[in-house]
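Scrolling down, you'll hit the structures one after another.
In the two assemblies presented below, chain A is common to both, partnered first by chain B and then by chain C.
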Partner chain A sequence: MPWRYVLVRLITSVLTLLGVALMVFVVLRLLPGDEITSTFGTETGILTDKQIESLRSYYGVDQPAPQQFLSWLGNVVTGNLGLSVRSGTSVGSLIRDALPVTVELALLSILIGLVIGVPLGVLSGARAGTRGDATIQVFGLLGLGIPNFVIGTFAVTLFASWFHYFPNARGYAAPWEDPWLNVQQMMFPAITLGLALSGTIMRTTRSAFLETSSQPFVRTALGKGLSARRVRYVHILRNAFIPILTITGIQFGYLLGGTVIVEQIFAMPGLGRLVLDGIGKREYAVVQSSILVIAGLFVMVNMLVDVLYARLDPRIRYQ
Partner chain B sequence: MRRLAGSHSAVAGGIIVAMLLIAMAIAVLGVTPYPPAEQHPESRLQGPSGSFLLGSDQFGRDVLSRALDGVRLSLQVSVSAVAVAAVIGSTIGLAAGFFGRWFDAVTMRIADVFFAFPAILLALAIVTALGPGWRNTAIAIAVVYTPIFARVARGPVLSLRTREYVEAAEGLGFHPARILVVHILPNVAAAIIVQISLALSWAILTESSLSFLGLGAQPPQASLGLMISDSRALATTAWWNFAGPAVIVAAAVIGFNLLGDGLRDALDPAQENR
Partner chain C sequence: MSEKARRLTRIVALIAALILLAAACGDDGGGETSGDPGAGTEQPGDLSDGETGGDGDGETGGDGETGGEGDGEDVAIDDRADAPTGTLVVGRAADLDVLDPHLATAFQSVQALELVYDTLLSLGPDLAVGAGLAESWEFSPDGLTLTMHLREGVLFHGGDTFDSEDAAASLNRILDEETGAVTRANIASIASVDMPDASTVVLNLSQADAPILASLADPNAAMLSADAIAAGTVASEPDGTGPFVWGNWQQGESLTLTANVDHWRGSPQVGAVEIRVLPDEASLLAAADVGEINLAIITDPLVAVQAGGDIEVLRTPALAYHALMMNSNREPLADQSVRQAISCAIDRQEIVDSGALGEGSITGPITIPAYRSSSDGLPCGGQQDAAEAQRLLDEAGQGDGFELNVIVPTFFASAVNEAQVIQAQLGEVGIMLDLEVLETDVYVERWLAADFDAAVALNSGKIDPHQMYVRYWTSDGNLNDVAAYSSDTLDELMAAGRVETDPAARARIYADFSAALQEASPWIWIYNGYEYRMLNGIENFTPMPTGSLQYLREAALVG
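And then the complex of A and B:
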């Protein structure tokens, strides 16, 4: 394990996250109004100057911007993400409730994407140029091109409106509370996201498969009498695994973005829903922190993929 | 060009894109079957028929006319956003790759921060800050895509700038701007063109996703994402409100994607098809 590399990667990730925090802070600072107007709405108008002044100092918005940023950052690091005025709970606890939903959804989607995408990619690569290959490629393209909100809307329409089957209406059930309900709730959102992912994974698997199958060791394996099937799934796939891993890591970001939309369609109480609800209700403490957590997840996954990459392929050396 | 015509994906993508442009032209010229906002209260929620080719919505507006206008809006937002991102991003990328040193380091670290966000989430945050609407959607897409173009343009410059002909031009004392434009840009252009097509595909996806979420174009403006979002309430009674716009969005995204793939195969054969 190249520990030095892990350390360097860890430090750059932390720096990137700092940049992310700064950007979230700056972007949301562009918003009209501040915590006071967003909390009190139109009632801000009837506050006296004195009240506004004391509120400004209570929320800390009378401080200079860099100082506000540092104190916000300090709070984030110590786990104090502020208070959601509407729900009367801390943002931290809102995120703690929402995070498992999004993580489970993302992991299941990746699983579905891999389960559909990898075998299809291998089949397509093994039959390159045939009609079967063309069919699979068209499928991949459809998976890639049909927006997830279209697939999601279609699924909800089909099951909720026509068959009156909408398990998500009953509130989120954690897998350890009610595994069966959880599976029902997760199934369609995960398929919605997984389908798009499977298109990308299929294409990557196909091209990696084609590239690997022209290597001499494949000819050797076939020459010594191993079955084509064994060579395909053990020898070639193992070597094609690195690009598949990379693309899966890259797609994780896409997936986190997709959860925002899919959670909204399927009414799932995840991080994406938290962001959108926060935007709708002008609760910027919630929006700010949720976006930060999602970006943090993304940076972490990318780091993990890079490190795994170095571990899986001993040919890769980092300075 | 011949290589382009030989690629199935380029041809299929080209046909779809041409059809989108025709749809846009119809909307721009105002020759849609009906004005997109015209209501026909006597024929609400009609199925597809001779008078309403793709059916009508809950206000008796023609779905086809609205979809055509939605394509116009989508292309208008996407093309302007991608054009801005391509010009600014490529310029920054060229300069970063050419001048190197601290400028390169700083711009690429800033790009890293942009890449740390899932793209749609970043667009969402920007639209939230600027307020909903199609103009701000365009700005958000441009901001998200600028660093991507910067990275695409920078990569090849790094290796090009050590080539003999570039060093020769430097030795002759040409201005760096001239070297960048005359000697380096033509060799990076292929990668940028491919990226433009792929970016358009993603921009259309983002525009429609944001308007689906209610953060893009605002009613009564017709937009494909909004139409699909509105169709949810009508799902059991009027499926055509969903079908038409859904097929068009998917075709637009796939069309530019295919064109991008085809262009990559034709212009940049060295690069593997990913």
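And then the complex of A and C:
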């Protein structure tokens, strides 16, 4: 991979992140209310003008917006992601705690999605038009269609009331503290997210498989006398993998910030919840820095996917 | 490049959607129509009707762990032989958000901080004011001086001795506008604080103020150490004199407090209390059911009614009330007959039944047990009477009906249901409601600006009727612009209640106040719901009319 290409990618990535940072900053300021009204609610009306003024300076919202942005950005560049004023905790340490939870959950969900989705997609594609294909397609639609809060809440209620089993109630345990409890806690949310993912992956696999199957090299391979199974899983699947990889990369990026609902149901202290709480409380620094981290990871995953393209398909070259 | 551009668009769209979504459903409780501690609430008298959860379901369960097991993560406690052990686990949907007790207004913050801090006075289970860090107190005959005698030998967790210097510094900190303390308004009659000796503080008042005693028992009037105030560590290192010592806080996950075995009331019965956050109330209930949580705090009646199994449900009337606020500065609501017509057209019981599964009881303005409003003064005796409503509308020249813009919040589960029931009921007499369902911060903004014809609201109650309504129903109250109604009668009654110290006489004053308010009908008080405490494996816990968890200091684990 030529250096020039890497350099260009890096520059565009930085510009992307800068754009994200600016947009998040603006959108947050456009939302009604600030940290004072979100703290005090209607009690804000009881505060004297002088009290409000002093609270504004306490929460750091008394400066003009451009100055707030630049001072936040300046801090971020030097590695200081800001402060959650209310709790006196640094945003850096909040993200440090939340990030591993989210990444672990996302990886496990993707894994489950791939393990279920790819074989089903191949099976479905190989039997296109049959009853088996239709059954698998229905499963895929269910996975896509049933909201994860339904699956999640159902799982919690079912296992808690029937089997008295709800590991997430014991408070989140990191894998390095209690690996066995951690696995149990990750299991349900990962399955909940993985099921939905498997629907998407199955459908992508199926259509990529069908498209690839119609190419001449497949007929050649079969004509050479290779077994149908070998052609299916080695030749076709390998050539159909680019779209599957693309969708997986995108879904992974989505999972970094989009697992909020599942994190709520299963009490997982991940990034999504950090951002959601931050928005609810109008803790600007928390939201801005967390989203910047999510966006940074998203960009990195995308770069990784591009690298993998070239590994999977030697015809792809980057100049 | 087009692929890159598409990806960029995707990222941008994802983030925008995320923010909008989060803003739309972000109700962390901080925005309640009163972030006031006094709102969440239960009434001791009603403890008796806390049912033991429903039918025992056949538990298929294998290894259901029992609560308080502690999972070997018990906090290091005093190694004395008689030191209490075991960790009591409290579960709730939101974490505390502010560590400074003078700034904390959200229930979840106050509930945690008041375990760590004490106040000069305290509240009993029936909301009667009793001794706290002040052992005794007396007003001067003219009511302008309040002398408080402090308990001696009380230590802060950090080791300092509590004395009059700390008390004065704490009160002055609240009074200082720089602090931004909401409770300042409640003790603003303090003109100065004297310290004749280390165990006495004298509050010089600018006017007689009977309800200041209740205000000094409010957790927001916490006693801090003068050194911590000077050092500026209040917001980051909680150090109080309370029954529990601030321990380990994993923001958004859990807070562990350890027993203060030297507390002046005596040691707590458990070694530690862990307050755990499970954001989804259905999951919270499941966690209580499996015994991982000993005390779950539930606010949504839709979830609470599903409690069963081993859970004991404490269901107690809240001080917070549901109301339809009207803006009497706007036509045609400026006409008292029109407001009374609306009051007559509404069937309060139907709103409770259809809007909130019957989980609540009809109430007037005052929900405090000792002062609870009767239906005196209510138009149509509080019954639905469409004919009378129509007659009143005709009388006001509004017989053909009119349209009202109603703002509806999203921070409590039943708001939209209630609004729709009211919409249907008023539709019967030709009053058309245009419902505007708003995200919390938008609602608060509109509400503070009195930018509505009417508002569906859940307002917090307070421990004293004066505190509860002086802001709304006196012509110079901070929120009188929002309440949009005042009268000489209400002003006089409020002023009388402030200086009256005899409980029976005060009760009469507030009964008159309540009747006058209901007759004028600037708002329509509908009902107060319940606060739910789901218990499993815990005993001797007394819920408070304020929603307070202070009796965790007496609670013990079962078995």
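In this text, the second predicted complex is superposed on the first by the 263 of 319 C-alpha atoms of A that agree within 3 Å, B and C clash if a C-alpha of one lies under 4 Å from a C-alpha of the other, contacts with A are read in each partner's own complex, and residues count from 1 in each chain.
The rule is short, and it goes like this: contacts are C-beta pairs under 8 Å (C-beta built on N, C-alpha and C of every residue); 3 or more make two chains touch, one makes a residue touch a chain.
The structure displayed is predicted, hence computed values, not measured ones.
Asker: Once the structures are superposed on A, label A:L142 by its partner contacts, choosing first (chain B), second (chain C), both or neither.
Answerer: Touch status of A:L142: first partner only.
Asker: Report for A:I52: first if it touches chain B alone, second if chain C alone, otherwise both or neither.
Answerer: A:I52: touches chain C, not chain B.
Asker: Tell me which touches more residues of chain A here: chain C or chain B.
Answerer: The partner making contact with more of chain A's residues is C.
Asker: Is A:F217 touching the first partner chain B, the second partner chain C, both, or neither of them?
Answerer: Neither partner.
Asker: When the two structures are overlaid on chain A, which partner does A:W180 contact: first (chain B), second (chain C), both, or neither?
Answerer: neither
Asker: Can A:I291 be said to touch chain B (first), chain C (second), both, or neither?
Answerer: Touch status of A:I291: both partners.
Asker: Quick check on the superposed pair: does A:S207 touch chain B, chain C, both, or neither? Answer first, second, both or neither.
Answerer: first
Asker: Mind working out whether A:V275 is in touch with chain B, chain C, both or neither, as first, second, both or neither?
Answerer: In the superposed model, A:V275 contacts both chain B and chain C.
Asker: Between chain B (first) and chain C (second), which, if any, makes contact with A:M23: first, second, both or neither?
Answerer: both
Asker: If I apply the document's touch criterion, which positions on chain A are contacted by chain B in one structure and by chain C in the other?
Answerer: Touching chain B in the first complex and chain C in the second, residues 12, 16, 19-20, 23-24, 27-28, 31-32, 153, 156-157, 161-162, 253-254, 257-258, 260, 264, 275-276, 279, 287, 291, 294-295, 298-299, 302 of chain A appear in both lists.
Asker: Using the touch rule from the top, collect the residues of chain A that touch chain B in their complex.
Answerer: Residue positions touching the partner: 12, 15-17, 19-20, 22-24, 27-28, 30-32, 141-142, 144-147, 149-150, 153-154, 156-157, 161-162, 203-204, 207, 211, 247, 253-258, 260-261, 264, 275-276, 279, 287, 291, 294-295, 298-299, 302.
Asker: Which residues of chain A touch chain C in their complex?
Answerer: Touch residues, chain A against chain C: 12, 16, 19-20, 23-24, 27-28, 31-33, 37-48, 50-52, 54-55, 58, 84, 86-89, 94, 97-98, 153, 156-157, 160-166, 168-172, 250, 253-254, 257-258, 260, 263-267, 269, 273-277, 279-282, 287, 291, 294-295, 298-299, 302.
Asker: So in the complex, the part of chain B that touches chain A is made up of which residues?
Answerer: So the residues of chain B touching chain A come out as 109-110, 112-114, 116-121, 124-126, 128-131, 201, 205, 208-209, 212-213, 215, 225, 228-229, 231-232, 235-236, 239, 242, 246, 249-251, 253-254, 257-258, 272-274.
Asker: Which residues, counting only chain C, touch chain A once they are in their complex?
Answerer: Checking each residue of chain C against chain A gives 4, 7-8, 10-12, 14-16, 18-19, 22-23, 26-28, 30-36, 57, 59-65, 71, 91, 95, 97-99, 103, 105-106, 177-182, 184-185, 235-236, 249-254, 274, 276-280, 282-283, 286-287, 289-293, 308-309, 439-442, 444-445, 447-448, 459, 471, 478-479, 482.
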